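Below are two complexes that have subunit A in common, paired first with subunit B and then with subunit C.
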Partner chain A sequence: NNRTRRRKQTKNQPYSIDNNKDLLLTFIAFKMSRQTAMPTSILDRPLTRGRTEQVSLSAFGLMYSELVQYHQNRVSSIPELERRLESSGYGVGFKVLELLAFRGREAKRETRIMSILQFISVTAWKSLFGKGADSLERSLDNADEYMIFDNNPITSTFLSSHKSSADAYISGIIAGILEGAGFTARVQAVCPSADEGDARGIIGLPRRKDKAVFVVKFADKVLERDAALG
Partner chain B sequence: MTFLHLFIVNKSGGLIHHRPLSKHAPHIGTNDWLRIGSTFHSLHAIAAEASPVKSKHKNDGIEFIEAEGLILCCFQTRTGIKFVITAEPGTRNLQKVLREIYVSYADCTLKDPFYELEMPIRCELFTQAVDDIMRQYG
Partner chain C sequence: AKQHTTSSVHYSPLSSNNMSSSQQSPLLFLIVGRNEPLYSAEFGKPPGTPITAQSITRQNFIVMHSALDLVDKSCWVNSNMYLKVVDTVNHQMISTFSTACHIKFMLLHTGKNEDAIKNFFMDVYELYTKLSMNPFYRFDTPITSKQFNARVKAAGRRYLS
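Let's look at the complex of A and B:
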């Protein structure tokens, strides 16, 4: 009964953060590892990076493909799929913000829009994807919109269609980081065609003909607060 | 010494992909393609049964057909998908090209969440990858 009540709560919110049901599983894994001398659970490893760990792009591609298929079997429209992927990324964003702030040993937190966007497009991007975002720009048409460019996000590297829908996961990560830092914003991924100069190819795959742009639209009170700070 | 056609048959015998690989390749209609796919699938299975020597590989069947006007090479994966390529006699590197097409298949179609297994391949990334392979070997 307790579990069904919790599930009903999370359904009505636009974004939901996963409760750590896997705490129980990691506890069991920890007990088993004590008995059978298996590698220690991820919760026991130190938070600081001992040596940079790498995950193969193929492994991520296959796992992310399963995540998308899991959600696609439970929705009836593309916007709903995008919402679900954004929810999945939202929780990641919160945790990434905390982890990077701890590892970076920052003395102060970011309070200005430009500095938090720089943090996302440089630090967070490098930690998540191995390289910084390709550029960060402010929109000329709307004063409340900023754009983060990435020529080949890993969520849509292997896709041939609906690329901006798959990139909704990264939109969710950005939105999660911003919300955690105190900047409420909506993030949307779009997929315009790439210019000739954007050479972002992965060895073994054909050159990508489009790029991804993450449009960040801040809430009004965030913009007012930023303007008041001078 | 050019490649002619590529076709891919799924494990139930249905054709999931077919395309010409060069300008010299003769045009084959859609119905003929479907017939070629299912005929080849049946012949492949019969050859595996009729072979006097049982190969130690699980993927037994037609590997190579050499005729006067063309050569045909087939590569069967462990999941039963058959990649078949035809070329003019004297063309080299057929096996190598098939392996590379298999790698592109694994990269461009199997990692695409919107591709359904055993269904016709409609992934543009896969088409571009095969174009690149042909540019390298053709």
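Let's look at the complex of A and C:
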């Protein structure tokens, strides 16, 4: 009953869309008039981020778990999985470096080891994870090793085991940023063991299982160049 | 050692060979990655003038290539992105801008207008950053986007002539 009533109504209207072609044309005209108002090219879109633009942790967790599962189905060993996750993060590092340097609006590059490490642990971490890294330290044993601490990296928040394997993605990002800036380095994610925890003198606090340490080991020529710069 | 290949680079037919004018001769603009030029453009007088002779173009490229070592050195000494004039050859000067990822924008020019060149570099820097955000653009590969080409040419016309 409703259907027949509607059909009669369209017939009585003075302006009506008679056939499918008119409908299609008006639809296309409407779409085009909308589209000229919207940016059509990546070169038009703004680079500065709006105040409210954020990605939810659960959305990231979901997508990252898919990425890990994708790689897990194609490898036969854990080191290979870590290598794959690292190379996934590597490309992200370059883009993050360019973007954050541009947004900094200062048109300056980092030329010293300490300044690039601080850029990573403060600026890059805040932009990627919402807060700065928990600390940046230099190793006492090896002169070419530095350590970035993060108490709860988002890549392994939802994992119960093999956390440092999933954190290989963040290692890749760090390695990409360093390589892009000209500091060749190897980055590895490790979970601090019980012995290390005690040696650092933290008595009375429960050992945090989700803490991650990113060990950055620079190539020799990087250290030489940095020393030559004074 | 850097391998210099010109096969992946586009030549712009809009260059001029107008040597009789008292203004600048055509400017050569290059975007150089780690190993090879990623983009090139020439800015000069309006079209209608003959295409620059192959020998002059080759000479310009050789001059640019020889300046790369100096650019590298000043990259590490100077933490600014805009490195101003890094080399002078006869009457030509080379100004450089080096991004955070050490992608170098180099301009071969004769006059001395730092402000115009700096504004041009900043414009191209913004375009390059937007281009590199494209997930399908691999870092350090030749730039083939026509829109990028059009906008760089527009920026060159706006600031450099």
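The rule is short, and it goes like this: the second predicted complex is superposed on the first by the 168 of 230 C-alpha atoms of A that agree within 3 Å, B and C clash if a C-alpha of one lies under 4 Å from a C-alpha of the other, contacts with A are read in each partner's own complex, and residues count from 1 in each chain.
By definition in this document, contacts are C-beta pairs under 8 Å (C-beta built on N, C-alpha and C of every residue); 3 or more make two chains touch, one makes a residue touch a chain.
Predicted, not measured: the structure shown is a model, and the values here were computed from it.
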Greater subunit A contact set [subunit C / subunit B]: C
Partner chain in contact with A:Ser58 - subunit B first, subunit C second, else both or neither: first
Which of subunit B and subunit C A:Val68 touches, first, second, both or neither: first
First, second, both or neither for A:Leu159, with subunit B first and subunit C second: first
Subunit B versus subunit C as contact partner of A:Leu140, first or second or both or neither: neither
For the subunit A and subunit B complex, residues of the former touching the latter: 58, 61-62, 64-69, 72, 158-162, 166, 204-206
Subunit B residues within the subunit A interface of the complex: 103, 107-108, 110-115, 122-126, 128-129, 131-132
Subunit A contact footprint on subunit C (complex, rising order): 75-77, 79-82, 98-102, 122, 125-134, 138-139, 145, 147-148, 151
Touching residues (chain side subunit A, partner subunit C) in the complex: 41-43, 45, 47, 91, 94-95, 97-102, 107-111, 180-182, 225, 229
